[in-house]
Each structure stands twice: as structure tokens, then as C-alpha cells.
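Several structures are given next for inspection.
What follows is a pair of complexes built around subunit A, which joins subunit B in one and subunit C in the other.
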Partner chain A sequence: MSKRLIANARVTGLGFVDRLVRDYSALVVCLIGLFLVVFIVGMATAPNFLTIFNFKTIIRDAALVGIMAIGLTFVTLSGNFFLLSMKETAALCIICFATSMSSGYGFEISFLLTMVLAIIAGAAQGALIGIGGNPIVVTLGAAGLLFGLGSWWSDNLVVSFRRPHGAEWLGTGSFLGLPNITIAFILIAISAECVLRYTNFGRQVYLIGANRAAGKATGHENFPMAIKVCIIASVCSAFVAIAFSAQVSSAHVNYFSSEFGSSGDMTIMVIATVMVGGNSIMGGFGSTLRTSSGAIFISTVDNMMVLHGFNSGPRVLAVGLMIVFSIIVFALVRRGSRAQE
Partner chain B sequence: MSKIKNWVVENHDLAFAILLAVCVYCYFAFTNDLFATHRTTFAIMERFAVLGLVGLALTLCIIAGEIDLSIGSNAALAAVIVVRFTDSLGAVTALLIAVTISTTIGIIQGYFIAYLRVRAIVLTVGTLMLLRGVALFAAQEKTVMLTDFRVPDFITTKMFGYFSPASILVIIMFVLVGIFMNYTRFGREIYAIGGARKEALAAGVNLKRPMIIVFAISGFCAGLGGVIIGLRSGTAQALGLQYLLLAGTVAAFIGGVSILGGKGGVIGAAIGTLTVNFLNTGLVFNVTPAFMVQLYLGVLLMIVIMFQTGSRVFDENQRRRQLLSDVDARRGPLLARRQTGPP
Partner chain C sequence: MILKLSAINRSFGAIQALKKTDFEIGESEVMGLVGENGAGKSTLVKIIGGFDDGYSGEYTLDGAPVRFSNPSRAEKAGIAIAQQELSLIPAMSVAENIFLVGDTVPLFSTKKSLALKAKPYLEEVGLDKVDPSISVNRLSIGEQQLVEVASLLAHDPRVLILDEPTAALGESDSVRILEMVERLAANGKSVIYVSHRLDEIFKICHRITVLRDGISQEPRKVSEFNVHSLVESMLGRELENMFPERMELTGTAPLLEVCGLWPDATVEPFNFEVYPGEILGLAGQLGSGSGDILSAMGGASGTREGNIRYKGKEFLPKSPKEAIKAGIAYCSNDRKLDGLFLGRPIKENLTSPALGRISTYGILNKGSEERLALGNAKKFTVDVTRMGTEAGLLSGGNQQKVALGKWLSIEPNIILVNEPTRGVDVGARAEIYGKLREFANEGKAVIFASTDIQEITGLSDRIITFYRGMQIGEIVLEDISATKVLEQITHPFGVHQEVKTA
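Entry: the complex of A and B
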């Protein structure tokens, strides 16, 4: 009798949502499907879409946001939501790098100084989050602090340094026809994925994100983890800042704000990339591979809209719609899994 | 005297907020001759009109255990709409349209947060971007401007020495929300879902109702704040007003809310906002650049959070120690009995 009941429950429980839950890779299939749709529509409507040059442009556009998003993915996967200070960390780092370059320290020392600064900023935020501060509020405060520091240091002016400065290879150089920044993006994506999949650290990130209590019970506290993931995110921001600064040979704190770029605030773009890629914002589920594909997806849609001559309004709107859509899909899937418990 | 002492012990957060506000005010009043004057007070009240609304909205959200990140975007959207429509439809109609749209957005957000059971930060970070897009769309990527400047003049007329129509409206709003939060069932539900959500749901509170109310008020406040800013300056930018979130959060946290929810109140929000305003105005008086204000606000927020988290961790440790010692105290005789138990 009871066996039959259980069997019945199993049979009736096999809804569409249930299967989605069982096989999370369906989300990836969804993403690839959407990607193909966009691709085909783009191919059909924009004549310049399907050229190798345009394809390279898409990946190059995705690279900067993508690298930052890969850093943020670690934070999200470890269950610490997201950092609202990504853009501000980058702003402070770009000022540090450019100031150091313009005073003649050379690329290597400037790079090291910037990275040290990023590590300090990340560790401080991570420590505050680790002792139990809410990540959103802590990083909101940190954002104000870092941006203020950057503006104060640069006096809110553009800091520029002369070419040749020894960093052109990172900003504008290319290797085998691919821009170096694209290659960096690909390398960082692959290595981040390897770290998450095959190292102890990666598994700890997933464990703490999926179940913090279980992590604590097995001796994996959130405190060191929060510091580590925040440092990773900050270092990725710093790397993007250096690459961008090397590209334009100058720096200003507003380079990553929405007042400067057309496609919106960098922090929100980065969070959008993490979400659209299909990572669970509550942690424990996702991968940097998804984040990278999310970056390329957003960049493809953006590219197509640019080719069709849309202004920044509809483009920002499209990214917003993508985020909200991914949130809703994700929440529905998760609710389905709750209902079965 | 003992009454005051009791009050302070009972409301130590509020007492701390008042102390901080007085300290900040006195500091600037003593260092700058122009600070403690009628005109400055009027200017502070003018700032209070906008920041107070945002502080109030964020206070309510944090009381409910959530945080509304889209508040700046919502305000910018309202500002753009009101400035665009004032010339053709008149200020009152434009105001109503803008505030209605903002409130509707809040209601939709609240509904989805309750329906999807997601954390508000997750959804509102999406709507932050979405509403920016809508605002850009509504403004056609330009800075919109008024041509008729009678409306800005009316909004900034002085009344009763210190107030303008805008700040009086905001003070009325504070009183209404305060009564609502303290004396109605719905207000208590908001406290309940913030402080102890599982228990509140188990006791029969429908999550949708308080969530929708909180986000409706939040949307309304954001919209009204945006409208006041837009009409007062006569211009609006779709990408502006991003600083509101930080300033409002600082105000809410100074006012004594806890990130865990269920704590704080409208009076705290008012005092927190006033503190931020004193700081802001005072720094402007001492010729501090705008970005330094952001720096100070960031530092202030970090300090408040550090105190709060530190005291929470301390409390938890204390409780754990207490629990352990209780267990020991209980186990001691037991162990003793077992050792010397009956043969």
C-alpha cells in the first residue's frame, strides 16, 4: 500500500518543472537556445552580423565585463550575494595604476601596486562580510569610500600617461589576430573554471554557498572564504582597470560609471552578466563557464542592437529585461523544487 | 530623571541617533558661523524633503528584512516623467501620473518578491537596470527641461519661516506612515515579517500583503522624491539620482534599523536623515567637494555596520557561553550522581 503511494507520488511528481529541477542543465540548454535564436535573427536581419570581424568585436566587448563577472561569480557561488563595489574598486585601481605610470614607475611596479591595493580593498570588505555583515550594505558603504578615495587622489581629474608606456601589449596589442584582452578573457575563464571544478578551494566555494550550516559543521567557516572570494573579485576588477587604462593611456574615476559609458553602470552590468549566465544568486549553483557565456550573450544582443541603430535606452532596457527574465525563470525552477520537499 | 534614564535604556538606538545628530549639528554650528541660521535651516529642510522620503522608504524596507536597490532608478524615472509632462499637462496631472507609475512599479515589485519568494535585492537589482532603461527611453537619452519656471518657484516658496510646500508634504507623509506603522495591523505585520518571517508566516500572515504595502510605500516615496527633485531643479536626467541609495541607507542605519529586520521606526528615519543632512550641508559649507561627501557617507555606513555586526556577534557569543554554562551546571549534578550512584 505504502509502496504504491510512493510510486504514485513519484509518477505524478514528474512535471515539467520537476524535470527541469532534476536536470539543471536544461537551463543551459535554454540559454544556448536563446543564443541560437538571437544568432539566427541577427544573421537574418543585420548584414554585417556574420563576419569574423564582428564576431571578434563581440568577444572583445564581452571581455572587460566578462573578466569582472568571473571574479564576482566566486562571491556569488559562495553565497555572499554580490559586491556593489566592483565599479568603485576598478575606479580606485585605475587611478592608482595611471598615477603610478605617469610618475614613471614602469608597468611592472604599477601593476603590482594596483594589485596590492585591490587585495587590501577586497580583504577588508571580505573580513567585514565574513564576520556577519550584510554583503550588500557593506559593499554599498565600501563603494562610497573607494569612489571617494579615487576622486580625492586624482582630484577628480583625468590622469594620463604618455605612450610608449610599456603596457600597450595589454591594452591594444594582439596575438595571432586576436586582441590580447580577448585572450586574457579566455585564459581567465578557463583557469577559473578549472579552479572551481578540480581544486579543493573550488569545492569549498560550492559547499559554503550551497549550505552554510553544513560548511560550518565540517569546518569550512565563511570568514576565510569571504575574504578569499572578495580578493578574487577585487583582483579581477583591478585587472580590468589596468587593461582599460592601458588601452586609453589615461584614467578617470568616472570611466566605469554610466555617465561615461553608454551601456550603463559597470557594477550592474557585471551583476547582470552573472545572473543572465544562469548562476544561482543564493549561491552553491552555477559556474564561471555560465558567466562567460552570459557575457558573450549580452554582448551579442548588444551588438545586434547597435547594428540596428538602437540608442542606449533600448539597449539598457534589453539588459534589464534579460536580468528580470532570468530571475523569474530561476525563482520558478527553485519554487518547483521546494514544492516537492 | 529616572524616566529619561529608562527611556534611554529602552531606546538606546534612538538615543544614540539623537546624540549623533546633536553632535554633528553642534560641530558645524561651532566651526561655521553661517550654519546655525534661518536660511541654513531652510536649506536643510529642503534637503530633508527628498532624502527624508528615501530614508523613510529604505527604513520600511529594512524593517521588513529586505532592501530596495531600485529606489534611485525609480526616482529618476519619476523625475523624467514629471518634467516631460509638466509643460503639456500641467504640474498637478504630471505629478499624479509620475507618482502613480512609481507606486505601481513598487506594487509589482512587492508582488513578485512575495510570489516568487526571492530576496528583494535579487529582483530589485534587475529592476534597477530595467527602470534606468525605461527612464532613458522616456527621456529619449537627453536631459529633459522645464520651460515654465513658475512651478519650481512655487515649490521653493518659504512658509512658516523654515518650510516649503515640499518639506511640509514630506513631514505630513512621515506622520502618516508613523501612525500606520505603529497603530495598524498592517504596520505590525511589516515588523513581523522582518523580525521573524517564519514565525509570522506560521502565525497566518500572508506574505504578499505586507510585502506589497512596503514596496508600494517605497515606490511612492521614491516617486515623490523624484518629482520634488525634478520640479525643483526644472531638469531631470535618466541616469541621475544614483547617490540616493547610499545616502538613504546611511540615514536608515543611523536611525537604528537592523539589517536582520524588525527594528527601527519612522522617528529614527527622520533623525537619521537629519544627521545625514547636517553632515551634507555642513560639508558643503566648508567647501568640500561632492565626492568627499560620498567618502564620508561610505565611512559612516561602514562604521555603523561594523558596530552593529560586532555587537550581534558579541551577543551571540555571550548567549552561547551562557548556554554552555547552563548545560554544565545541569550536567554537573547529573555526572556527580552517576559517579556516586546507587550500587
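Entry: the complex of A and C
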């Protein structure tokens, strides 16, 4: 018996695939190489890709999804998975903002009202998750509720308000040639990264995300954390809703479902952005910097496809591919670096 | 020699874990593998078991060179390894875990038939009382360890590797493992046995290989060693005293009293107190309640009734957070579950309970974080050059030092620790005992629970004994002896009564 076993074990040469899978770095290089080739060819052949105007477009397009994704990153890093109610929060908030604007309350009051609404929505979801509710179930339920409220409130109609309404600066204004929404994106990205790196709260996000039980044992409980991160995500949604509404001077509950951006569904885009950035889905590892890069990356690919004249089907497909690709690459890179450290 | 490795090199970046290491084991031999934390023991056995093939050097099995690219190939060749960190799947049943890998089970089998098949293996490791169809997470760590070994036996290996199998076990479970090893060796199997418990090494091993800083020494017969010479060849220096000297206790008022505190998992409420400057040992086997009372005092588990009296107040921390606020640090016995943030840097682990101390207005002060972390790392002999590496990459014993060491950062008044030296090498163990003593000498107190009799008798100023969820007795310093402790924690009501309660 032992002879057979030994023969089995005496494996000297390994198959090519075997070696590729075992040697993660080679696989990663192959995948990235493949991707870069497609990318560069696409870029080189697209008209107008390498213009400053186009780069500005890319970042501006990345801004709205990016801001929401930065908010969601806090939830993911803290180990509370995803909020599936991002776009519905935005939908209710945009109705709230536009209704308030059209009733003549002015920008400041409308802004505040909307934010309060977002904070309540976030805190409620956070509390439910914090006491042990499954994030998927809770936020799926919340999504239905928030969306229902929004469409009931607006009668499923477009709510519009007349210019000048005092919010143009946020929607369409610019500063030194950069759209204000782009500037907001950059500022939010920088401050979110600073919060994560340099504050007590940020450290707690990572610790609780890395090991919730150890977090509890060292005095960092998930209940307040879940509430805080859900509020952050909600507030980011509300901000995006306000900025978008200010841009088009109107609101409709479906703005973030079908008509928004390139790839349709906002929630999916936001989750994709967090994942393409390479944040750990289980929490404890990642950063908002990664998320911001993810947003710009997706927006770049999308822009390239638009310039090539692809319609929305292939573009959604591309986003899906990017998610799969990034999950594989980041998982392998992480394993590889562990083995070599 | 059925298995031989020569001139093995393995490095992880700048760290060279194995340096031209040699190793061998013969037919039906029990080979002890010992060395300090981080000496490379786990790295070596992972290579043997096919978990790691990033090494250079020669590996021969029955004289033929082999190289296993994954564990299942090694398994096919008859090499099975129980790793230091458990690899069971908690939500699956005991039987399912036993037959998880390998092809010893027909494609379709019912839970019942699987359980039936698992029975003999469970008996082999002495778990005959455990129902194979319950899920693994309902077992204690010790029992889980035994299930892991049982799952290896299901492959009928020729060479069995056990990496610190008894680190999490109490006395009686350890004995089962040791007996099993002896039985296997008598049946012609070879066993590589890694342990920091030298008494075990002397009891069951035929030869011993010592690793020091990744360099192996020629294996020698067990009869050529005694405890002193073995420790010396492990550490490269002599170890004077394992246990620090006890100090005269001066305080007469208790620092903390446990007043009828009744943890969920025990049979009755407990009462005892600890004095300033004292190290109080809670002795008991696994499941005796000695660990449960600690976690209840630390706010980490539920209670039915009762309180603690501390600083003139009667209260009970409802969460670890409240305990920390009150200056009570509780370190559990399962570092992987709730002791460490494995994916985060060592530095962050060491300061994790004390974020308030290293921040002003919520902003972290990197300088004071560095100072705090470095100070504690030095105290617990954690390698200070690696503060930025993930805690999960440390060797098992070094992880334990971080898990315990982090509690010094809150400058507690009382440290509650369950199994303070699980998986820690002799040298570092002496170091930890010294630190705990130093801490107590500042007028603070340590309460620790341990299943290691040597540790209980050597470190404690006073011992409380526990048996099956009951508080049995108290042993004062003058009366401390291993026999007395053993008697109280194994059959406190005399041998005959014990049968009745069982």
C-alpha cells in the first residue's frame, strides 16, 4: 500500500495551471496585463479620450457615485457589510429637498431638513443592525420603506423648483474651472481618509471590522458603531441627492434607479465602487482612498466605452466584469503578500 | 528513517524562519520538536505536511525525494498534520468535520451513517461521550482539539504531526492525547510532537529535536536530556527561576470581593476575594467554572445573580467596556476568537483597549501610541522591530504575548486572565510570570485561571479550586501542593461520591 502512496506523492513537475495558481503573483501579473492591454487599446482608439476636458468629465462623473461610495465604505470597513438602501435613501432625500425648495423654504432650510431626514433613516437602520439584525435584510426592508415613502410623498411625479433657487452653486457652479461637485468629492475623499487614519473613531472602525468579538472585548461595541457608520452613509446619500437635485432643479423618486448615470442602478454602482477599490468585504481592511480610486477607475472605463459608442448593456456588463476582476486580483495579491512577508 | 529533511531554508521577506534545518523521524518513533516561540517549529511542520512549499532543501520520504505542493498530496502519502490553530468548521457537525477532506466516505451518506462511522475515531481520542451529530461550536476548545486529531486518524496516516495539541487542553484531556500518541506509536505509526510542555515531551518522546532561531540541533535520545539541559539548549542560556519570588502580603482589606456571583454556565454562585498585591489562582479542569467566573467578572458573559464589591461599590460590569472603565482587564483564553485583531498590525493590537489614552479630542496621537505600544511590547518580549506587521503572522506564542500584553495599556487595577501562557515557550513564560508578579507588587491584583497544575502551584499566592461548576475550596500558601490541588479539582468528594455525581 505504501508503495502506491509514495508513487502518488513523488510529484516532481507541476502542471502549468497548477504552478500559475500556486504562484499568485504570476497570475496577478497575467490578469492585470490582460486588462491593461484592453484598456490601452481602448484609450488609444477612442477619439478625444486624452483631453483635459474629458478628464474633467471623468472625475465629475465619478463624483456622485464616489461620494456615496465613500459613505458606504465606512459601513463595509466596520464589518457591517453593505447598505442595500443607498439609492432609496437618496430617492427619499431628493423628494424631501425638492419639495421643500418648491415650497419656498430656501436652500439652507431645505438642506438641513433633508439631512435630518437622512440622519434619522441612517440611525434607525444602524440601530437595527447594531442589535444584531442582518444588514441585508434590514436594509432591504428599509429600501422598500424609504422608496415607498418617497413615491407616496411625491405622488410619483416630478417635483420641480424654479431657478434661481440659491443652490446653483452646488449643482452647476464651478471654481477655478473645476465643477463644485468635483471639488466636494475631492474634499470629502480627503477628509474621510483623514478620519479613518488619524482619529479614534477611524481606528475603531478598523478594529471592529477586523474582529467584532475582540472589539467588544476591548471596549469597542458594534451598536454605536453601526449607528454612526449608517448615518455617515445616509448623509452621503443625502448630499448626493441634494447636489443632483440642485443640478437639474427637480426631483423624482426614480432618478437614482433608471435615469441616473451610465449603468442605471445607483446602489449597484456604489457597491461596485467599494469593491473595485479593493476593500475587504468582511471589513477591517481597506480605505476610502481605495474607494475614490475605484470610482475614478470605473468612471474612466465607462467614459472610454461611451466614446466608443457602446450603449448601456455592455457598459453594465463591464462594471460587473470589473467587480469580479478586482475581487480575484485583490484576494490573490493579499494572499501572496501574506505568504511572502 | 522514513522521513528526512536536510538543509531546509525558508524565509519570509527579511525573516529567515529556517536556516539549513535538518529533521528526521523513524518508523514507530515519537519525535519531540521543541524550541522558543518563533523558532520555526510550525514553519517546519507545515513544510512536512505540504502546507508550505516555498522552501529550498531536500525532503525525502522512504529515501525518495518528494515535494508536496498542497496538503492533500502529503495526506495521500500518509502524512497528516494537526495545526496549531484549529481548522474545524464551527457550524458543521463533529462527524462532518471528521470526514471533511479525503475520499473515505461514499458520495451520498446520511448524517446518521456518518455519525456511526465517526464513532470509532472519537473513541480513539477519548471523546466517546460526545454525540457526533452536534455541531462543533458547541464543544469546548479542548474537545475541538480532540476532534481535529480524530479527523486526522480517519485518513490512517503513517506520520502524524501534532503542533501543540495540548496547549488549550486541561490535564485530563492532555492525558488522553498522550495516551493516544503512545498507542499510535506502539501500532507502528510515527508521530512528530511539538509542545512547550516539557513534562509531556519527556513522557512520550523517544528522541528530541531542538530548534533554536531556525537552526536545528542533532536529534538526541530523551534519556540524554534532563529538564535543565533541554531548556538550556532551547534558550541558549540557563533559566534560573521559572516562577518569581512571592512577596509578603500587607493589605488586609480586600481589593475586590466576589459576592454570590453566579455565572450562567455554573451550578452555583461563587464567593471569594482578592487582596492587593496578591496573585489568586483559580484551579479547575475545563468546564469547572473557573474560566466562567473570570469572564463574568470582566463583563464578557452573562450571570444569573450576584455582584462584585470593588472600591467600596457593589456592581457588576455589564460589558467589557464598563469593566475597562473600572480598571478591570479581562483576557480570555481564546486569542483567535476575541483576543486579537489578526489582520491588524501588532501596534494597533497593543493599544486597542486604550484608544482614549492615546488620543486628544478624538485625534490619535501617533507618538504616544508608538510609545505605549513599544513599552508593552518590550515588557512582554514581543519583537519590537515588527510592530507594523499583522498580528496574524506572528508565531502562536508571540500572539499570546500580544493578546495579554495589550491589557497593560489601560493600566488596570486588576487583571483577570484565563490561561495566561497558552502556547508560550518556557523562557517567555517565566517572563510573563515575572510581569504578572511585578504588576501585583504595585499593590494591584491578578486573578488567573489555569488548567496547568505547575502554573497554578508555582505562581499563586492562594488557590481557589473548582469542580464541575462548583466552588470547592481554598488552599493557602503554606498548603499549596500539586497533589492537594489535583485532589480537589478531580474528585473533591472522594472517589466514591464522584461516581454518583457523574
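We take it that the second predicted complex is superposed on the first by the 281 of 341 C-alpha atoms of A that agree within 3 Å, B and C clash if a C-alpha of one lies under 4 Å from a C-alpha of the other, contacts with A are read in each partner's own complex, and residues count from 1 in each chain.
Simple rule for what comes next: a contact is a pair of C-beta atoms (placed from the backbone, for glycine too) under 8 Å apart; a residue touches a chain by one contact, two chains touch by 3 or more.
A quick note: this is a predicted structure, and the numbers were derived from the prediction, not measured.
**Student:** Where does A:V316 make contact in the superposed view: on subunit B (first), on subunit C (second), on both, or on neither?
**Tutor:** Only subunit B; A:V316 stays clear of subunit C.
**Student:** With both complexes overlaid on chain A, does A:N134 touch subunit B (first), subunit C (second), both or neither?
**Tutor:** first
**Student:** Looking at A:L187, would you say it contacts subunit B, subunit C, both, or neither? Reply first, second, both or neither.
**Tutor:** The answer is neither, since A:L187 touches no partner chain.
**Student:** Is A:I268 touching the first partner subunit B, the second partner subunit C, both, or neither of them?
**Tutor:** So A:I268 only meets subunit B here.
**Student:** After lining up the shared chain so the two structures overlap, which partner does A:F81 touch, if you call subunit B first and subunit C second: first, second, both or neither?
**Tutor:** It touches subunit B, and subunit C stays clear.
**Student:** Subunit B or subunit C: which reaches more residues on subunit A?
**Tutor:** B
**Student:** On the A-aligned overlay, A:A44 touches which partner chain: subunit B = first, subunit C = second, or both, or neither?
**Tutor:** neither
**Student:** Do subunit B and subunit C touch any of the same residues on subunit A, and if so, which?
**Tutor:** After superposing on chain A, subunit A residues 338 contact both subunit B and subunit C.
**Student:** Show me the residue ranges of subunit C that touch subunit A in the complex, using the header's touch definition.
**Tutor:** 12-13, 53-54, 61-62, 64-69, 73-74, 76-78, 158, 300, 319-321, 324-325, 330, 332, 337-344, 348, 352-353, 355-356, 359, 362-364, 389-390, 393, 406
**Student:** Please give the residue numbers of subunit B that touch subunit A in the complex, ascending.
**Tutor:** The contact residues of subunit B facing subunit A are 67, 69, 112, 116-119, 121-123, 125-134, 136-137, 139-141, 238-239, 242, 245-246, 249-250, 253, 259, 289, 291-302, 305-306, 308-310, 312-313.
**Student:** Please give the residue numbers of subunit A that touch subunit B in the complex, ascending.
**Tutor:** 81-82, 128, 131-134, 136-138, 140-149, 151-152, 156, 253, 258-259, 264-265, 268, 271-272, 275, 281-282, 311-321, 323-324, 327-328, 331-332, 334-335, 338
**Student:** Which positions of subunit A touch subunit C when the two form their complex?
**Tutor:** Interface residues on the subunit A side: 2, 5-6, 8-12, 14, 18, 22, 198-204, 206-207, 210-211, 213-221, 280, 284-285, 338-341.
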